[in-house]
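Both complexes below contain chain A, partnered by chain B and then by chain C.
And now, the complex of A and B:
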């Protein structure tokens, strides 16, 4: 496009864009620098400390190699629980996301007093990260995988509902108008007009949320919400770093496998 | 797609045996998943605690917003912000070499950029909270450990986004410069950098939004920020304080999302 438009016009009209002011650049740079210095002071960042700490960390890394392969048998139940939590959390979140997405979509819920508050609430839910939700649910339900499932469900509800309502707003209006014209009610409209247009995309969003949830579920155990994360604390606490690296490796392999399968499936769907 | 005589296009229905297999497999997966969840281990007080938390959120402990002697909400949020700013900047600088390594149009060999992509993918998969646990071993349980963890983890995603940006540039300006004898460095500086800069900045801001969210949870393991007082308040069952901290986090993240979204819209 650039060459098509740029070449013939350049002779007649000057298309030189005005360069942005120097002062603006300098001010932005100064602002960023100021922010950096203030942040470094606030966090007491010192790279001297880091350099001093590096030998300690190297020692830790050395102790992690080789991983203790025999520990894999012990953590397999934890890994399966992680996948279970991700699966159930994603499913509950996906089911909950459907009505939320419909309320948020301007073309299915034309009332501005409904879809604006709904979107606002959705944005509020989306501000809370999964581990934080898990910490709260642990306070409510006690330790175990159940609070983890709930945390993942709320988190994936936010994610899937947002992606879905944005996709909903871009669907083809033709079928909907045709169905309204022949006198269908709202439920019929959604079942026959919206679902066929969106089913593939929705499945893809759910798979995407599942990928994220498997990663998230692997660390939820740190706050006591079940899954493989419990084992990190235990092994690090007892300074058994070769076991820690076994956990990390196993999680990495499982996550990469699930990512690969899910990406392939999503490519097929769309 | 099959065309019927009337010219109506009908989608071919999914083969039924295949569909049945999928449904049965899914059913088995869900039975397996549900059977492993202990439903009897729930606390009977769940309802009460939920009510208490809700009450805490609606009547937050406003005094906690600012305490003269320190350890209050504002300082916790400031710490969280500082961690995410520093972590984002560190990763934004460190990921540039990774991005050029991983982008296909910058290297002559496919395996070279492929290995770069692989490397970024591995970094991405490594959870930041585990990185923070390791950095805590190195520099102690401070905000600095959180900064390092975020800085290292974000390389994975930022490097990939930067590499996509580099792959999408117009080769014209580079070739023109090469034709009039510019060195490789001059090409980078005058042809590549101006093209990728807006994209780089926009992606960095996007990652900053994510990092603020991550920084709020780093405190859970003692790596600084608002997470530490939140965990303390949760374990002390101080619900009004939990309420005010949650409110603070929600307000801060909403404001940052709005600001960053506004700047990103102007950039691109």
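And now, the complex of A and C:
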């Protein structure tokens, strides 16, 4: 068959290369399964327990429908506050992320004594979950949206700086070389050689962070950091599940809308 | 005037990029540096504006040592040396005009340049440079919309706007087709003759070097093995230098080599 397809006669007996072995895949699957079982054992989770919980879950769901539509009016200010928090937090974080990303990027900050500590610090920031950050800031600033905004700012800074510095390290070095040859200093080089290369990607990262922040901001109220989360806590606390479902639906609609708009915008950018 | 004194470059892994090079290049010369890949052509060129640091020797540009300069002094010397690259090295997402104006940045304070407030004289200069290479109508188009030859001409315009006294061109035509090659080389030659800008071009093609340069420098393994006028740079000489006959892919104009020159394997 091979020879019919135009392989030279001299190489008539073509030797098929051996397909790569399957053992690796089998072992990987076994390992994942093992980890799952071990995790379930350690946390004492079982399917039995899940099955036992089903009637309780159904009861909760029944109480959730129909949602209390009239409650939407009450939560609209909270929802708007959530969006405002996300907007402010993302903006502050994005501005802060720019210098951090530059210090972390090995091609723009060639000094190893700068970019390794900078990356370490960035990783440290990124290990703090947003809820923990919010709790800490609530302890510092008291209840309200302000600690929520700061928590989101720190969280966004970590996320945007990480994505940006990784993108920075992949930019075309050629223009930077040309800018150096022209006699530019470091700041001029960044403005003329780096910013145009990265502006679209950076905007996309900021929009992505905003999407995540809207969702994150919705739960920050649980620790008293403002936004719609306060209403979740209140309605769950009073067992008013029909109100909770109203909040969930409203959050869902808002999040979907913002996700859609942001995705469309990002598609246009890149 | 450019003077290289005992210039050596050793890479961290021990290989010698340049070995004790001595050269004096006068104002207004058009020099072609030829040699096989890895002979040190690019290293030599990048040493002159210190995109690469040398490990030994000294390089003097118009009386100032670039090797010993730092910070602002180094940037001032670089401002007078324009560079053209094989891959054009334009900022692709910026407009042609902004790419050309980048050549002016070294003349202004950081604040003024990052605000993009170029004086009207700079914009005139940039348009003049674009006119000189015949693409002024493309000023507001993004650089990545242009063909390779046009992009290289933007790069030449950037050097002109920079008002450089020296042009270093590192394989400026290696990514271009033969016709565009000729146009770009013609541009470089014209600028060299009209403005008296010292021009040093790395070239892979020996016949192209003979056609445009007034002086040819041959490199092999980081050493200068030929330095003389075009008339001396025959295929025989280069066959001797390379230790083998000139090959077809070292000539741009294949099959049409100058008569009477032997050693062409075809």
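Here are some notes:
Convention: the second predicted complex is superposed on the first by the 217 of 270 C-alpha atoms of A that agree within 3 Å, B and C clash if a C-alpha of one lies under 4 Å from a C-alpha of the other, contacts with A are read in each partner's own complex, and residues count from 1 in each chain.
By definition in this document, a residue touches a chain if its C-beta (ideal position, glycine included) is under 8 Å from a C-beta of that chain, and two chains touch if they have at least 3 such contacts.
Predicted model, so just to flag it, every value in this text is computed and none were measured.
When the two complexes are overlaid, the chain among chain B and chain C that reaches more residues of chain A is B.
In the superposed model, A:218 lies in contact with chain B only, and not with chain C.
By the touch criterion defined above, A:200 reaches chain C but does not reach chain B.
By the touch criterion defined above, A:191 lies against chain C but remains apart from chain B after alignment on the C-alpha atoms of chain A.
When the two complexes are overlaid on their common chain A, residue A:183 makes contact with chain C while staying clear of chain B. Of the two partner chains placed by the overlay, neither chain B nor chain C lies in contact with A:267. Once the two complexes are overlaid on chain A, none of the chain A residues touched by chain B in the first is touched by chain C in the second. Residues 29-30, 32-34, 36-39, 41-43, 46, 49-50, 53, 78-79, 81-83, 85-86, 89, 121-122, 125-127, 129-130, 133-135, 137-140, 142-144, 146-148, 170, 172, 213-214, 216-217, 220-221, 224, 227, 230-231, 234-235, 237, 242, 246, 249-250, 253-254, 257 of chain B are the ones that touch chain A when the two sit in their complex. The residues of chain A lying in touch with chain B in their complex are 2-3, 32, 35-36, 38-40, 42-46, 49-50, 53-54, 56-57, 60, 80-81, 83-84, 87-88, 91, 123-124, 127-129, 131-132, 135-136, 138-142, 144-146, 149, 215, 218-219, 222-223, 232, 236, 248, 252, 255-256, 259. Residues of chain C touching chain A in their complex: 49, 51, 75-79, 81-83, 85, 87-94, 98, 102-103, 105-106, 110, 113-114, 155, 158, 162, 168. Partner chain C is touched in their complex by these residues of chain A: 172, 174-175, 177-185, 187-188, 191-193, 196-197, 199-200.
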